[in-house]
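What follows is a set of notes on a single structure, which appears directly below.
Per-chain residue numbering starts at 1, and chain names A, B, C, D, E, F, G and H are given in the order in which the chains are listed.
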Amino acid sequence: MSSSRNNVVNVFDAFRIDLDEHNDRRERLIKSSRDITNLSKKVIFLLHRVMTTDDVSTADKDDRNARAAAQGREKLKEIQKLFAAVGAEVQGDRFWRYQRNVSPGLQEYIEALSFTHYLETGKLISYDEVQQSLTGELGESYFPLTTEDYLLGLSDLTGELMRYAISSISQRGGRMKANEVCTFVRNCKSDFEVFTPHFRELRKKQSVTSSSLEKIEDAAYAIAVRASEYDVPPEMLDDIIVRSVTS
Amino acid sequence: MSSSRNNVVNVFDAFRIDLDEHNDRRERLIKSSRDITNLSKKVIFLLHRVMTTDDVSTADKDDRNARAAAQGREKLKEIQKLFAAVGAEVQGDRFWRYQRNVSPGLQEYIEALSFTHYLETGKLISYDEVQQSLTGELGESYFPLTTEDYLLGLSDLTGELMRYAISSISQRGGRMKANEVCTFVRNCKSDFEVFTPHFRELRKKQSVTSSSLEKIEDAAYAIAVRASEYDVPPEMLDDIIVRSVTS
Amino acid sequence: MDAENVERINQLLDQDVELREKIKDQVTEFDKKTRTMTGLLNRIHSTPPDALPALLDSVRPTLESCRDVTAAIAALVPPNQFWRWKEMWSNSLRSAVFTAALIHYLQTGGLLGLSETSEILGIQAEWQDRFTLAIEDYLHGLITLVNELSRLAVNSVTLGNFEQPIKISVFVKDIFAGFSMLNLKNDTLRRRYDSLKYDIKKIEEVVYDVSLRKLAPSSKVDVAGAV
Amino acid sequence: MDAENVERINQLLDQDVELREKIKDQVTEFDKKTRTMTGLLNRIHSTPPDALPALLDSVRPTLESCRDVTAAIAALVPPNQFWRWKEMWSNSLRSAVFTAALIHYLQTGGLLGLSETSEILGIQAEWQDRFTLAIEDYLHGLITLVNELSRLAVNSVTLGNFEQPIKISVFVKDIFAGFSMLNLKNDTLRRRYDSLKYDIKKIEEVVYDVSLRKLAPSSKVDVAGAV
Amino acid sequence: MDAENVERINQLLDQDVELREKIKDQVTEFDKKTRTMTGLLNRIHSTPPDALPALLDSVRPTLESCRDVTAAIAALVPPNQFWRWKEMWSNSLRSAVFTAALIHYLQTGGLLGLSETSEILGIQAEWQDRFTLAIEDYLHGLITLVNELSRLAVNSVTLGNFEQPIKISVFVKDIFAGFSMLNLKNDTLRRRYDSLKYDIKKIEEVVYDVSLRKLAPSSKVDVAGAV
Amino acid sequence: MDAENVERINQLLDQDVELREKIKDQVTEFDKKTRTMTGLLNRIHSTPPDALPALLDSVRPTLESCRDVTAAIAALVPPNQFWRWKEMWSNSLRSAVFTAALIHYLQTGGLLGLSETSEILGIQAEWQDRFTLAIEDYLHGLITLVNELSRLAVNSVTLGNFEQPIKISVFVKDIFAGFSMLNLKNDTLRRRYDSLKYDIKKIEEVVYDVSLRKLAPSSKVDVAGAV
Amino acid sequence: MDAENVERINQLLDQDVELREKIKDQVTEFDKKTRTMTGLLNRIHSTPPDALPALLDSVRPTLESCRDVTAAIAALVPPNQFWRWKEMWSNSLRSAVFTAALIHYLQTGGLLGLSETSEILGIQAEWQDRFTLAIEDYLHGLITLVNELSRLAVNSVTLGNFEQPIKISVFVKDIFAGFSMLNLKNDTLRRRYDSLKYDIKKIEEVVYDVSLRKLAPSSKVDVAGAV
Amino acid sequence: MDAENVERINQLLDQDVELREKIKDQVTEFDKKTRTMTGLLNRIHSTPPDALPALLDSVRPTLESCRDVTAAIAALVPPNQFWRWKEMWSNSLRSAVFTAALIHYLQTGGLLGLSETSEILGIQAEWQDRFTLAIEDYLHGLITLVNELSRLAVNSVTLGNFEQPIKISVFVKDIFAGFSMLNLKNDTLRRRYDSLKYDIKKIEEVVYDVSLRKLAPSSKVDVAGAV
């Protein structure tokens, strides 16, 4: 082997080690992101399940919200542990190198977290609150939260709220809930609109939000129309139906 | 059943019979077209095979051309029989109803026929000759030949001629042949150009023809460059190579 | 290619170009007529029953004048080439079928058959290989009719006409049963037929609303009887 | 490459084309059967309860004849190639599942399980590697069932059957709860599952209307009086 | 290519690049304004009638400030090059048209004309070859208006305002009748016009629900009268 | 929308449709001419040097007749609307530029400038706002020229003309150097410019083959001298 | 849907995801091996004939270790699911076929058959339904072999080995003749087969050059003298 | 969203927008420099060996001035955000790497290492988290170098320099061997690396042509020795 080739081999050998390390780390983070996505989806499913399982004995809807949120919080903690591990991998300048690999899971997590937060408080979770949730015991951020991940995660929330509102209708108190969610999602849409020039992805998601909103509006409309016709207060309606179905 | 429904049922029953008949005929014609396509492809393969099988003993290239064409003609007759059957299905106004279903096989047939014709005569087959080949013993056309099918079939011929020219190079006399084909395909390209405004499909195929032509030109070029360098007449070149390979 | 061959092909191509141009002029004409009729018939959704006959009468002259167009096209198309050119006018023809069938339904409550439609449009049997009303075009017209009737069911109720939705329901279900007898291939017709389900559902919901509120007292019997 | 080798390879290449052709013929057959059954079952929306058993009986022979098709396909598919070809018939199979489950519900009010469905369609355990009822196809069939039942809830009321919507409501909620326990991926199944919510909502509205109308006779007068 | 030639070409190419950059800055500005307005106007769906004037007043300053942008663009575009650059801002312009027309409808119940729209947006007749409101952009704005009003019809009912859908119905049908008289060729505008049918159907269904339930006692008369 | 308004809009829309139709007719004509020329010029690849002048002469009448088309289009386009319609003919125009530049190169060995090209095509300075030769169209024509010349380099060698590739090499490198000084943004032109590299490589390889084999004895000196 | 049922379905849905993950790991491993072998074999182009055996010996251990991967994959794939997963590893498998066939050619000058290739890669007949060497993958490997040999023909001459191109020429023509007997469809294989012609042409040019140079020493002087 | 939150996000977004604008200005500058250098270096293909040093000297000042740009960017990028913004300048940086490596090769015949390249471009170790030369950018530069050298091999022969192709062959094969040690993922780098094969093939063919004709008498030994 010529000495020049020898030289090249040595240089590239160093590259090989570096690139392999990078690829392995990337693979690990993609895997983590996928795990986080799956767990987050499970949280969302769980919330839907708890909120729509027709437990006639549980008359108090606040109670159910709290119970659902509590179960969600429990699972979110698991995810937060995974983020602690991700944080260790992306210290210093590494975060931005792997940001795109971390992002899908992070957005799904924000979707789950904001859904839980909504059930607890009826409010939209703030940027600082999300960043706070990605912080270790000593107050250190695992990594910086990008505005894009924050907004795209929230944008997906509106789809889940739509599902939640529609499923709720067949439940005690669900008719009221659909109205609340309707107003909430409408405000989300207005709020997000001003940020759309910054993110192409958000523009696409806004049209999904619009169609979710229309679905909720249609549901709220169907309720309002019937309530106007019979002129019965909503709480009484629930009782009438329960009696009719179980009789 | 109400009488009005009865009425509707009767009307639609007639439609059903008509539509089923139409669909069955369409299926049969599509099947025929596919069979014709496959047979035509086999003719083309056969021609390539006969023309490129390195039979050192057959020194006379005209002889080989004739042999290939004869074998092609034999198989083309089979296809023509299928067209006779197609013709029976598409009498009167039916031809134009099923034209699109017949077309793919017809174009592939024209490709095979024109390839055979080229090997026999060194010329482009004419519209009337193609129509003539689709005529029964009593001189009746099976169906009218559209200009589009004629031109698109010929356009595909250039691709086969390219394959033929490139494969020929490694054979006795192939170097001359590449030059002939090159001129022929170049003329085809010019001739087709004026018809392109009429057919979108032909415009697409013209660019395929252009790239086939370039490939033949490159091959002809490689031959010319070497022949110029060594300054040996082409026939002698063949002998030198045969001697060198077999020694 | 030798000159003779080029000449031959050019001649064929020129013929086609010229013919296409001429047919296109007729189709533009046809299109205008169907657009006018569709515009007028759009008013059925806000016309009370008693004003309907006058509205339908106002459409008829245009419908009849379609015969001029069909005759003109039939005269242009060479023998046996019906299927070659029909794509050019099939949209207009389907609109005309829809118009004729809608008028007929609103007047008689019944379905206008294929041959009656042909007759109204002045299509003659001897044009067979140059201009005819293909089954598929007739069926497309019927699907447009059902689309329109589902809208009419809704608007009739708004106008206080509670009988109409029930009549429409019976009529449309008959047509739907007819369609479901056909083996449609995976083409536009099939897709449009599949979409009929939404129209039927809508009509059923209107009938439901009306029966639930007993707005058309005799309705329950009618609907059941129509099965 | 020796001639024998070439021969063998060519044979293998040709086989696939031919096999696809044969399976397609069976699928066309299968498709016809499911179309016939769907056409017949469409009548449930206008059939009063007492006439229902006769209607269901008229569908059964066709349903049973599906066994011939499944057996024919199973005989065609080479060992181990189930996954290679299944796309070809999955639409038909889902329709057959829907049909079987709908008949079962209308007769028993209960849900037809996966293995019972397999049995009805004559799918045998030993075909495992050539023809089986994949879970996803079974679930697609169930979703179609729910789609149809939401329509039935509406039409039952029109026919004066006020119990059916309530039965349907209970049955469908149960299925929905089942689906919500599954970890579905973001595929067609997930999207169709999402759409179930609208069916449930529709059914709920019917239950709502019926409950309020049924209520106390006195309040009924109020509402009815307002009409 | 001689140096001088290259020099001249480069100069022209650079000019275009620079100009595009500058127009883009203005369009970004324009976009921000229209998004702000759209965000605010989204609230009409949950605003009760009496709070509406205040909401509309809050949008007006931004609408008026659009004149700065149109003037800035008009100043940038070289003579005769309107058609070269207009694609860049047509989306924003259509949003602005929509906004102006929506506000006008909500205040007056009437349709804002093309020249009034131009005036509101400060577009001057002498800009003709540099910046003008093309008909197609105006019509796109109106279609967006109809899309929005169909949603408003639904949400008004939810808010207990049963008169609004009826007003909207009359207004939108008028616009639709106008559109159906135009010879739209097969482009985006045509496709969007076709989609108007869904909006109208939706509005008609709202009016239907309201009349069926006698929620707006006078409605029947109004609708029929408006025809 | 009041009738007058609709009337006015329709009039404007109709004008556009009619204009488009008329321009299209001219463009079809233009297209025919450029295709005829391209078909004829395709023969340069098999024409020996001494027969070339006759071939070029046979193309010239058609090239000159392009002036009729440019004049006709210029007469059709309304003032200030050049940028609105230019897409319609830019392909044909680029082909015409290519033709003119190829003939010029084959006759003189030099590059035809932008203004000379305009002149040959009869484009007049006072048409400025209706029909002009945009730089980008001129540059597209030149790129097509280089594409064609790389093929000619190859085919000249086949014809035994070993000087031509060397001349082409010098000419094309000059054009390429010109292009590389332009600030092309990332659009079609940029992509096509990038593709020029392949043409240059190809031509270099031909020159390489010729010099390696000393087929053009004086070549080495020439090429080096041309740098 | 009872809980047990849901549980089972969920389990099945999850299994696939996990299985894909595991197969992917093996494919990554497989890929590494083929990459290593390709890297080593790249040296054949600069290795003189006498050093070749040692080079081939250095590749053999990796080739043999491929058996571990094929065995691992065969163990993972569930019975009967070969066709479901094969896309995942077919690229790696084709590379392995290429490697085995190249080594075989360089050692024996002959073609490695399909079943011998299977054997070298440790693929066992009883895996039939889980892992087998499909004909199409074998053929892809052979085409890659021809691609590589055309390069080797060129480089052999540079290394002074004038026999190799002639051997390659005979071998490759034989393979080509074999391919030309196959009835290939219009797929990747067909396209890659078409490209073989260029490899043959290149090899032919080398044979041509070598034959002419080898020729009579006298004429060689002529040519060489001209340099 | 409460006002504070909106405020917070807007603040972050505004920062980003401003920073991007500033970096973009620097990248435009960088781009201009690399375009100038590439333009100059394009002349190596027609420059005889003895005129080469002067040509390379003419490029060096621009290359050195790149340090200003790298320093300016490094000053703009916030700590740890290197990977966030690097896409913006990576094309320019890769061109700069190519330029530096090409000059180095032409002067020394050797490969310019990563750290030496960094140094030439003035990239400082302490910028690590804001501006550094990533391995992937360095490798992209090397691939561009190989692309250019394959062209140079051809053109050197035209200029009568028969040693250069052989030197290039050895150098490029070394680089290729280096690349083949890396496990590249399926990205642009991988695709470009795969394309290197064509460059190597071309260079091999040139070396073949030269050796066959014994134009560089010592070449055979050299090439074999280089293995």
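In the analysis below, contacts are C-beta pairs under 8 Å (C-beta built on N, C-alpha and C of every residue); 3 or more make two chains touch, one makes a residue touch a chain.
Owing to the predicted nature of the structure, the values given are computational and were not obtained by experimental measurement.
Visitor: Fewest touch steps from chain B to chain H?
Guide: The least step count works out to 2.
Visitor: Which chains contact both chain E and chain H?
Guide: A, F
Visitor: Note whether the interface between chain F and chain H is symmetric in residue numbering, meaning over half of all numbers used appear on both sides, and answer same or different.
Guide: Different, since under half the interface numbering is common to both chains.
Visitor: Report the chain pair from D-G, G-H or E-F that duplicates the F-H interface, where duplication means over half of the contact pairs agree by residue number.
Guide: The chain pair with the recurring interface is G-H.
Visitor: How many degrees of rotation bring the Cα atoms of chain C onto the matching Cα atoms of chain H, given to the nearest 5?
Guide: 180
Visitor: Quick one: point me to the chain whose Cα centre is farthest from that of chain B.
Guide: Ranked by distance of C-alpha centres from chain B, the top chain is A.
Visitor: Measure off the straight-line distance from the CA centroid of chain A to the CA centroid of chain F, and report it in whole Å.
Guide: Averaging C-alpha atoms per chain gives centres 56 Å apart.
Visitor: Report the inter-centroid distance (CA atoms only) between chain A and chain D in whole Å.
Guide: 33
Visitor: Per the centroid of Cα atoms for each chain, what is the distance between chain C and chain E, given in Å?
Guide: About 34 Å, centre to centre.
Visitor: Averaged over CA atoms, how far is the centre of chain E from the centre of chain F? Could you give it in whole Å?
Guide: From the centre of chain E to the centre of chain F is 42 Å.
Visitor: Scan chain G for residues touching two or more other chains and write them down.
Guide: In chain G, the residues touching two or more other chains are 177, 181, 183, 209-210, 227.
Visitor: Among the residues of chain A, pick out those that touch two or more other chains and give their numbers.
Guide: Expected reply: 191, 229.
Visitor: Given the complex with chain G, which residues does chain H contribute to the contact?
Guide: Checking each residue of chain H against chain G gives 173, 176-177, 180-181, 183, 201, 204-205, 207-208, 211-215, 220, 223-224, 226-227.
Visitor: Chain E touches which residues of chain C in the complex?
Guide: Residue list for chain C touching chain E: 35, 38-39, 42-43, 45-48, 151, 154-155, 157-160, 206, 209, 213.
Visitor: Mind pulling up the chain D residues that touch chain G in the complex?
Guide: So the residues of chain D in touch with chain G come to 1, 3, 5-6, 9-10, 12-14, 79-84, 111, 113-114, 128-129, 135, 139, 174-175, 177-179, 181-185.
Visitor: Which bits of chain B are touching chain C when the two form their complex?
Guide: So the residues of chain B in touch with chain C come to 2, 4-5, 7-9, 11-13, 15-16, 18-20, 23, 92-99, 124, 126-128, 147, 150-151, 187-188, 191, 195, 198.
Visitor: Taking the touch rule as given, give the residues of chain A at its contact with chain E in the complex, in rising order.
Guide: Within the complex, chain A touches chain E at residues 179, 182-183, 186, 189-191, 193-194, 196-197, 214, 217-218, 220-221, 224-225, 228-229.
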